[in-house]
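As written, the chains take the letters A, B, C, D, E and F, and residue 1 is the first residue of each chain.
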Amino acid sequence: MKVLEQIDGEAGQRVVDSLAEVSPELGHQVVAWAFGDMYARPELPPHDRQLVTLGVLTALGGCEIELEVHVNAALNVGLTPAEISEALLHSAVYCGVPRAINATLVAKKVFAERDLLPITNVG
Amino acid sequence: MKVLEQIDGEAGQRVVDSLAEVSPELGHQVVAWAFGDMYARPELPPHDRQLVTLGVLTALGGCEIELEVHVNAALNVGLTPAEISEALLHSAVYCGVPRAINATLVAKKVFAERDLLPITNVG
Amino acid sequence: MKVLEQIDGEAGQRVVDSLAEVSPELGHQVVAWAFGDMYARPELPPHDRQLVTLGVLTALGGCEIELEVHVNAALNVGLTPAEISEALLHSAVYCGVPRAINATLVAKKVFAERDLLPITNVG
Amino acid sequence: MKVLEQIDGEAGQRVVDSLAEVSPELGHQVVAWAFGDMYARPELPPHDRQLVTLGVLTALGGCEIELEVHVNAALNVGLTPAEISEALLHSAVYCGVPRAINATLVAKKVFAERDLLPITNVG
Amino acid sequence: MKVLEQIDGEAGQRVVDSLAEVSPELGHQVVAWAFGDMYARPELPPHDRQLVTLGVLTALGGCEIELEVHVNAALNVGLTPAEISEALLHSAVYCGVPRAINATLVAKKVFAERDLLPITNVG
Amino acid sequence: MKVLEQIDGEAGQRVVDSLAEVSPELGHQVVAWAFGDMYARPELPPHDRQLVTLGVLTALGGCEIELEVHVNAALNVGLTPAEISEALLHSAVYCGVPRAINATLVAKKVFAERDLLPITNVG
C-alpha cells in the first residue's frame, strides 16, 4: 500500500476504491501483486517500469482509467511531461497514430490537472 | 428473437434498435446469426456460452456496450454476481489487470442496476 | 495541410488542434507523414485508402475519435453511407460483431450530423 | 461455395478442409455466412470488400493463414500487387509499422507463389 | 505446483521449464499466482475457469503456446472435445472468424495428440 | 541508416532487406521515419525509447520479428538481459501472462544467440 501511495497517489487509490463492492479481491490483487510484488523488486527502477507500462497501456488501447493512473505515476517517479509526451509519440511507430493520439489526450488531461500545460521542449 | 429476449432481455434489444437506421442488416445478423444459429445449438449450454463470451469481451476491451448486454445475459442464465466477478478476476491472469478492471466496472454498473451490490462470497 | 483539409475537413483539424499544447510534434506527424506522405502517393486512390482505414480502425477498437474523422473522410472522397455501413457490416466476419457494432454507432453519429439518416439501399 | 471458389480459390478451400475433423460447423459458417451471405450482397463490390478485409486482418495481427487467403482473394478480384502492397503500407499509419511489416511479408509469400515479384510501380 | 500438475499436466510444466534460464520469476509467477492463488479459489469451478480462459486466449490471438496448455487443461477438468470446439465456434461471433479458426487449429493439434479426432456430436 | 545500424544492427537490416522486393517504400519508411525522425530526436534517450518499444511490442503480440530486432536494440543501447527480462515480467501485470511469456521466449532466443544465458540477478 505504501508503494501504491508513493507512486500512484490518489488516482490509484480511486481505482481500488471503485472495485470495493464488486471485486475486493481484484482490488487486493492490484495492491498486493502489482504493487507489493512487482514494484518492490529492485531489478528495474520505477522510472523504467513506468516507461514500459506507458508502452503497454498505449498499445492495448481502451485503458484510459489505468493510463491516467500511470501518467500520474510517471510524473511522480520523475519523468517530465516532455518525456512522457515523447514516449507516446514514439509509440506511434509501433502501435499506430490513433493509439498514440488517444494516450496523448489522456496525458493532456493529467498535465492540465497538475497545471503542466503547455509542455515545453518538444518539437 | 425469442432466444434474444430470454437471454439478453432489454439490453440486447436496445443494441438492435440503435442499429435500425444505420445498419438494419447488422441488427438482423445479431439476431439471426448470433442468437438464432449459435445460441440455439445444443452443443454447449447457455451458462457455458456466457462464460466464453465474458472471456472474449473482457480480452477484446472497448466492448462496454456488449459487455453490459452479456453481464445481464450471464445473470439471466443463472450465473451469480460472485461467479461473474470471479470470472473477470480470473481473466486478469491472461489479459492483464486493466482489461479485468474495465470489465469489472461494467459488471458493477449492471449489478447496481439490478440491486445486487455489494456482492457476497468473494475474496 | 491541403490534403488534410480536403479529405478530413474540420474533424481532422480538431484532432490536430487538440494535440497543440501537449504534443505539437504528434500533430505535425499526423499532418506531414500520414497526410503529406501517404495520401499524396498515387499508388492507391483516396477511395481505396479510406476502405483500408475503416477496416483497420474498426478492428483496432477504441478509436472512436479517429473513426469519426475517417467516416467523414470516406464520405468526402465519395463513398456513400450505404457503402460505409456495408463495409463495417462486412468487417464483423473478421473482427467480430462487437467491433462492427461500435464502429457502426460512430458512423451513425457522423451520418446524423450530416443529415444522412436513415440510410437507404441496405438489406 | 461457388463464391468461395471464385474469390478465394484453393487457399480458402484448404482452410475449410483443415477444419473438417475438428469443427465442421465452423467450416460451414465460413462458407455459408461469410461467403454465402456476405460476399453475395451487392451493396459493396468484391474489390472494396477485400480492401476492408486486408485492413482488418492487418490490424488484428496473428492472422497469417487468413491473410494468405485474402491476399489471394484480392488478386483474384483484380487488385494489383502494387495496390495490395500500398494498402498494407497505408495501414502502418493506423496500426503501426510491425503489423504492416508482418502483413507485407505474407503478401510477399503469396506474390512469390504466383510469380509476381518484384512488384513494380511502388515508391 | 500440485494444482498446475493436475490441471495443466505436461504442457504447463514445459512452459515453466522454458522460462527457467531467462525469467525464473515469470515461471514462478505462473505457478504461484496464476495457479496457487487463482485456481485454488473456490468461487468458480475449474470447468468454468477453463471456459473463460479459452475465451480470453482465443480473443487475444497469438497465444498458441498458452492455448495448447489450456485446451489440455480443459480436457483434464472434464470438458469434451465437442464442447471445446463449440466454445471456440461460439467465440467467432464476438472476436471474428480468423481468431476462432486459429484457436480451433490449436485444439485440433491437441485432440490429435490425445487421439480424440474426429470429434463427434458437433453440427 | 547510421542510427539504424548503431541501434538495431543486423536484425533491423534483415527486416528492411526482406521488404525490398515487395514494399521498398515500407522499408524506406522504417529507416527514414522510425529511425531518421524518431530516434534522432533528443527528447528521450535511446535507453528509454527501447523500454517503451518493448512494452508496446509485448502488448501487441504477434510481433516476434520486430521484438527480436528490439531486444537486440535494447542490449545495444545498454540495457542488461536482467533488466529486459524484468521489463517483460513487469508487463505481465498490464497485458497478461501469455503476452509476457511470448516476449520472454523471444528475448531468450536473442540472449542465447549473444551467449547471455542464463541471465543472472533476477528473482
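The definition used in the following text is that contacts are C-beta pairs under 8 Å (C-beta built on N, C-alpha and C of every residue); 3 or more make two chains touch, one makes a residue touch a chain.
Since we're looking at a predicted model, the values are computed, not measured.
Undergrad: Regarding the subunit B and subunit F pair, does the interface count as same (over half of residue numbers shared) or different (under half shared)?
TA: Over half shared, hence same.
Undergrad: Rounded to the nearest 5 degrees, what is the angle of the rotation relating the C-alpha atoms of subunit E to those of subunit F?
TA: Between subunit E and subunit F the superposing rotation measures out at 120 degrees.
Undergrad: Could you work out which chain's C-alpha centre is the most distant one from the centre of subunit C?
TA: Farthest chain from subunit C, going by C-alpha centroids: E.
Undergrad: Based on the averaged CA atom positions, which chain is farthest from subunit F?
TA: Centroid comparison gives B as the farthest chain from subunit F.
Undergrad: Report the inter-chain centroid distance for subunit A and subunit F in whole angstrom, where each centroid is the mean of the CA atoms.
TA: Those two chain centres are 21 Å apart.
Undergrad: What whole-number Å value describes the gap between the mean CA coordinates of subunit B and subunit C?
TA: Each chain reduced to its C-alpha mean, subunit B and subunit C end up 28 Å apart.
Undergrad: Mark out which residues of subunit C touch at least two other chains, giving numbers and ranges.
TA: 25, 33-34, 41, 56-57, 60-62, 66, 85-86, 89, 92-99, 122-123, in rising order.
Undergrad: Touching subunit B in the complex: which residues of subunit F?
TA: Listed in rising order, the residues of subunit F that touch subunit B are 92-99.
Undergrad: Over in the complex, which subunit C residues touch subunit B? Could you list them?
TA: Touching subunit B: residues 61-62, 81, 85-86, 88-89, 92, 96-102, 104-105, 107-108, 111, 117-119, 122-123 of subunit C.
Undergrad: Which subunit E residues qualify as touching subunit F in the complex?
TA: The contact residues of subunit E facing subunit F are 15, 18-26, 28-30, 34, 56-57, 60-63, 65-66.
Undergrad: Within the complex, which stretch of subunit A touches subunit F?
TA: Counting only subunit A, the residues touching subunit F are 33-34, 38, 41, 43-44, 48-49, 51-60, 66, 82-83, 85-87, 89-91, 93-95, 121-123.
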